[in-house]
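First subunit A sits with subunit B, and in the next complex the same chain sits with subunit C.
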Partner chain A sequence: MTTSRKKSITIALMDPPYESGTTTTALRIVDAALRKGISVNVFAYEGAVNLTMKGQAPHPNPIKGTSIEEQDHPSTAKFIAGLFTLGQSNPKLEWVNCGLCIDERGSGDWIDGPRRGGPGDLFKFSKESTNTLVIGTR
Partner chain B sequence: MPGILSVVERAYHGTIEEQDDTILWLSHMIKNAGADLSVLLRSNAVNYAVKGQDASGLSIGGVSLGVPPTLDADVEALTIAGVPVYVVEEDLKDRAIGYSELCSGVKMVKRGGLAKLFDDHEAVWHW
Partner chain C sequence: MADYVLVESRDPFEYTDTGYFYQIAADLSEAGNNVTFFLVQNGVLTVRKGMSNSVVEKLQKAAPGVKILADEFSLRERAITDQKLVSGVVSSDVDQLVDMLAVSGVKAIWH
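Let's turn to the complex of A and B:
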């Protein structure tokens, strides 16, 4: 399936934010790949289209008594914005949010970087990548 | 060598709201995009091949489900579109599903044959 000499990987995700450890693992894989100079394509399917929502906001922790600033709650959108900084050109991060998944979830207001797409993008990515990793949801 | 084996294992997750199984749908879309693709139903997802499923009649808060999922029809549609759909025999037996209950066109594979099935494909997408 590899058509490009330069190494690249495609990752398909399904989990929404804050629901699964696979999200953290997947984002760490993207980070590691970009730092190694490997371009990454991400196809965000179903709940994963919520990972890039611009409206994600931190909150304090009443159990720990921390303020918003002290708690410094991370957001997946913030992590992914950082990944786009790493993958601006070479290596390149491409992130496609599945359009119909966006529509049915009302998740269309996302950070800079992702674009709307569909299953054809996943197929195209997979043909052009060195390898494809699909991380389904449980 | 066939291209992609799309493995569906988790079943009936959001199928009412989505009106289908999102991986069967995705697989059919990718087939339509030109992929050489097979589908493997295993674990609870073998139930998708049971013909005659009826999810109609649901109403929540007065809002009716006008178009229910028809997963058996979706499985048949995949086979008609030329997508081989495999079902794990032992997973059927574990769930007391008889062969006569299955929609047409699906192919049986034994658990012992899964390694070969995986190896017979260029890529395995395990959702």
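Let's turn to the complex of A and C:
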């Protein structure tokens, strides 16, 4: 009798929001995986714990003359909330924000979905995943 | 023999250590491994035709077995059309990257 393990990918992220194109790429990878039915585990540490901050607010664009509504400025928290909609159960998106990194940055108020954790979660995710991609910063 | 996916997000104009990553790809291939070199973000700047001292052409010459893919979204952002793509590089996307990551045993490294 053979058993097959469901595919999953673990991604470790460090970059804070809006600082690097890497965040966009990482979220694109998560999105692509979930749409293929592959569960994703994200371990967010360092500045990446700010990606899911509830308090992110859109703003108008005075150069273009657009209002908040017209500009519809995207936020990383909004993108990630969308990813949680895709990854509610099967496939599943698990998002862990590193506790010490949260405490240092005061980033404890996040959107629904992520949970607090630590390096032990990254180790567990990595052991249980088909593959792990560690995306470093500068 | 192992399967490797090397994701290069940086360009050699800003980061001098990208050369080492290209060298790793060549060395792994020469050691008998299957290597896919996936370029994304500014990493795709090296596949624009006409680059002098092209690091991609050097890699192709040193290790012709390395499969070089460039993320189509990143190419589009930087106005690198298919006509401007150096020969031998294939336009790809993160869907294909995910397909590779989802294969058990594939070793993935991001730079």
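Please note the rule applied: the second predicted complex is superposed on the first by the 134 of 138 C-alpha atoms of A that agree within 3 Å, B and C clash if a C-alpha of one lies under 4 Å from a C-alpha of the other, contacts with A are read in each partner's own complex, and residues count from 1 in each chain.
Note that in this section contacts are C-beta pairs under 8 Å (C-beta built on N, C-alpha and C of every residue); 3 or more make two chains touch, one makes a residue touch a chain.
Note that the coordinates shown come from a computational prediction; the quantities given were computed from them, not determined experimentally.
*Asks:* With the two structures overlaid on subunit A, would subunit B and subunit C clash, or do they fit side by side?
*Replies:* Verdict on subunit A: subunit B and subunit C fit.
*Asks:* Name the contact category of A:Lys36: first (subunit B only), second (subunit C only), both, or neither.
*Replies:* In the superposition, A:Lys36 touches subunit C alone.
*Asks:* Looking at A:Ala57 after the superposition, I want to know if it touches subunit B, subunit C, both of them or none. Which is it: first, second, both, neither?
*Replies:* neither
*Asks:* For A:Gly118, is the partner it touches subunit B (first), subunit C (second), both, or none of the two (neither)?
*Replies:* After superposition on chain A, A:Gly118 lies in contact with subunit B alone.
*Asks:* If we overlay the two complexes on their shared chain A, which of subunit B and subunit C does A:Thr25 touch? Say first, second, both or neither.
*Replies:* The second partner, subunit C, only.
*Asks:* Applying the document's definition of touch, where does A:Met14 land relative to subunit B and subunit C: first, second, both, or neither?
*Replies:* first
*Asks:* Taking the superposition on A as described, I'd like to know which of subunit B and subunit C A:Ile68 touches: first, second, both or neither.
*Replies:* Neither partner.
*Asks:* Which partner chains sit in contact with A:Thr132 here, subunit B, subunit C, both or neither? Use first/second/both/neither.
*Replies:* After superposition on chain A, A:Thr132 lies in contact with both partners, subunit B and subunit C.
*Asks:* Rounded to a whole Å, what is the shortest Cα gap between subunit B and subunit C in the overlaid structures?
*Replies:* Between subunit B and subunit C, the shortest C-alpha distance works out to 6 Å.
*Asks:* Determine where on subunit A the residues touched by subunit B overlap those touched by subunit C, and list them.
*Replies:* Of subunit A, residues 132, 134, 136 contact subunit B in one complex and subunit C in the other.
*Asks:* Across the complex, what residues on subunit B touch subunit A?
*Replies:* 3-4, 9-10, 13-14, 17-18, 22-23, 26, 29-30, 33-35, 122-123, 125-127
*Asks:* So in the complex, which bits of subunit A are touching subunit C?
*Replies:* 7, 9, 21-22, 25, 28-29, 32-33, 36, 38, 130-136
*Asks:* Can you name the residues of subunit C that touch subunit A in the complex?
*Replies:* 7, 9, 40-42, 71, 73-74, 93-95, 97-99, 101-104, 106, 108, 110
*Asks:* Can you name the residues of subunit A that touch subunit B in the complex?
*Replies:* So the residues of subunit A in touch with subunit B come to 1, 12, 14, 45-46, 104, 118-120, 122-124, 126, 132, 134, 136-138.
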